[in-house]
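Reviewing the structure listed below.
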């Protein structure tokens, strides 16, 4: 490895050939952060204490987004997810919503993009529901925390990063 | 304003009523960053110098993503975009790809989410094409740079932020 | 009128020509019922008293379903909805969830199908979330309650029906 | 069992984890009824005798709808259907169209929702094609008739119901 | 004119900016041919004489395909069609199905791609329904017959071509 | 064989029952041609020599189109592709772009329609990017070149055809 797998030698886009690969248990966890101006953070906090609806709408959107990965990311394979969960939590010390998406599948290819897409769509949905209050919202730190399964084995984000 | 517009008083989700609003010229620009480990950055740089295909695939995916906004973000209105462009650029000093999406529409509601979704999908596509090289990629700083049109008027990200 | 508008004289399917029609304010309200075995009704009631999440998930799915009408119903025109709300309520005396969907648009054609599709998808989502408890769930009484706008004017379901 | 499977203990939506479940033969049959005012019933009957196009359009829409289940119902797993058929029949004594959808798959989770969604989309399509004649159409009795496969085994609607 | 409009000077893909253009009446007609081995032609002919179902399924698929144009063709604008019809006819002397798609819209950009996509999807659907009989089917002659509206005015395919 | 497999005896559309069929290695290759007026051919040739972007955009669209086959072609089964590539090449002596799509899957049904849909969408995308230059573009010769796997075994287009 050391070259871009989604382009052939002449630069043509390719959906990578996985026809020879066996189906194994795949798993991935990704996270992201939606940083909020104080006023927006407080509005969600108030909603959250009372009913918790804003964050659950985002969680649901994230699950649906994870299922749409192959139609959004051009060279992704279609994946049948065995599980998808998205969790959005208010983190007081950062004035932010932390989004985590966890997916599983029995597949011939990894499910990292599904987890990352789930996080991204949930984060965008939080943004959408808050944007009338303040435009100074920012989505940060979307990254893979863990993956399991497949030839490349297990990956965990290094500690302290 | 001062409350969450996508929930009614009892916490039910609502697609905001825009039936009384006139159509005006709308515009939005959003940006985001895909931070890359050095080895990945260099692989794209080499590709970019030679053919530039990786970043153009991401640009195309971002345009398509912007058009899919209303089916991804649950409470977004359907929008007919008059224009959508996505630009991905390698930024050497940050070892990152900067993504910028610019959209226009004549609409009764803003197009910020279309610009932000365009950025997010382009960034995820860059991630997808590089992930076989290294998992330590991170998407950061997705935010609105500018919007125009509608009752709330023009917004520009404060300078120096 | 008096013939089926979606077929031409030789029986070929047609998406009705609305090119000569002016844009007017359109509105439609539809309802439907999800009848539940007592045990299922009580499980939702308990959830509803505590958090209300099941029904809000269905409401959100209904709004998203309303936006997908033209891709589900083959001969429907694409519609840009100005508003969509779905409300799900437990009705104790009927052991049922009542679903109501309300949509608005400025369009050249009616939005009845959007309201009916919103109700149907919300009802199916209630079914999906309860089906592990009991298969004896039934969706009933999906109908139009009201429509406004367009050449055929206002319609309201007759009283007492 | 006895709780809502699509919510975790804190009320967050979850796509149920089926990663440990074996693939088995799945099958489901659902039905529904579109009740028609006499004038509408007669128009379809006349069409049916001559060409049968209205009901076949609805059948085709139902098959396509069954394939879209996972993108409509937020917490449904993606399913690869091995078979899908929809049959619409005029039932003179009820002045109604009876819709039946039959689906099969080799899957780790049931296909009830696919059958119910197929019925719903076909019923909505019948509605759409008839609504110009009369708004007093009603969709009733959408329910599961039979399912096979999986841990919960076979289910058939009780006789006489 | 004289350069490729969907690429900017540096080769980046762009969805053309139509924000300054007025809405006008647009119309387009496209055609295509599905050439069939004799045995396949005769099977459809027999079906057509009896019921006409194969070709009507293709017509319906073509209408639905025309509505999906903007999600298939990356740089197409979203279009709200005012009308879409597809007609499939057996042409004995050519042993072929002739497909014609006619679309209308009030739009700021042309609808040629919608007509061409409608033809293509209908033709592929004919292929799909016949492929078990013989693989020697070929789709030919997909082209624009007529367009109206917009700055470039009317176009008709030259006679005798 | 000798009848149309997608219709039952009474002419109702059916998604063919493949529930008893084993999963085997499937492969298909299809081709098509986009014939261009000289001026358009030269514009692409010039672009191709410099950057090659037009044809790569079409290739990417074709791969995405192949993944959408089951939602476009009403009676197609959902397929998880193991690989999809599309190659567009300028053929000087024909003043045309040759499009070839190659797909693989481990499936219970063939993948011919995926290859043909990939070709069609890529060809339409070439058309879209060139149509501002000249409307006299024509898509021709979309056909299957090869298929492997399944009960009907291997097929190759006869030589010299």
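For reference, chains read A, B, C, D, E and F in written order, and residue numbers begin at 1 within each chain.
One rule holds for everything that comes next: contacts are C-beta pairs under 8 Å (C-beta built on N, C-alpha and C of every residue); 3 or more make two chains touch, one makes a residue touch a chain.
Fair warning: this is a prediction, and the values are worked out from it, not measured in the lab.
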Would you mind naming the chains that touch chain B and likewise touch chain D?
A, C, E, F
Please identify which chain has its centre, taken as the mean of its CA atoms, farthest from the centre of chain A.
E
Interface with more contacting C-beta pairs, comparing B-F to A-D:
A-D
Centroid-based (C-alpha) most distant chain relative to chain F:
C
For C-D, find its twin among B-C, B-F or E-F: the pair where over half of the contact pairs carry the same residue numbers.
E-F
Cα centroid separation, chain A vs chain C, in Å, comes to 31
If a residue has to touch 2 or more other chains to count, which residues of chain E qualify?
11, 13, 51-53, 56-57, 60, 64, 68, 71, 74-75, 79-80
Which chains touch which?
A-B, A-C, A-D, A-F, B-C, B-E, B-F, C-D, C-E, D-E, D-F, E-F
Would you mind writing out the residues of chain D in touch with chain A in their complex?
8, 11-19, 70-71, 74-75, 77-80, 108
Give every residue of chain B touching chain A within the complex, in rising order.
1-7, 11-13, 32, 39, 43-44, 47, 50-51, 53-54, 57, 60-61, 64-65, 68, 71-76, 110, 112-113, 116-117, 120-121, 123-125, 127-133, 135-144, 147, 155, 157-158
Report the residues of chain E in contact with chain C in the complex, numbered from low to high.
25, 52, 56, 59-60, 63-64, 67-68, 79-85, 87, 104-106
Contacts from chain D onto chain E in the complex sit at residues 51-53, 56-57, 60, 64
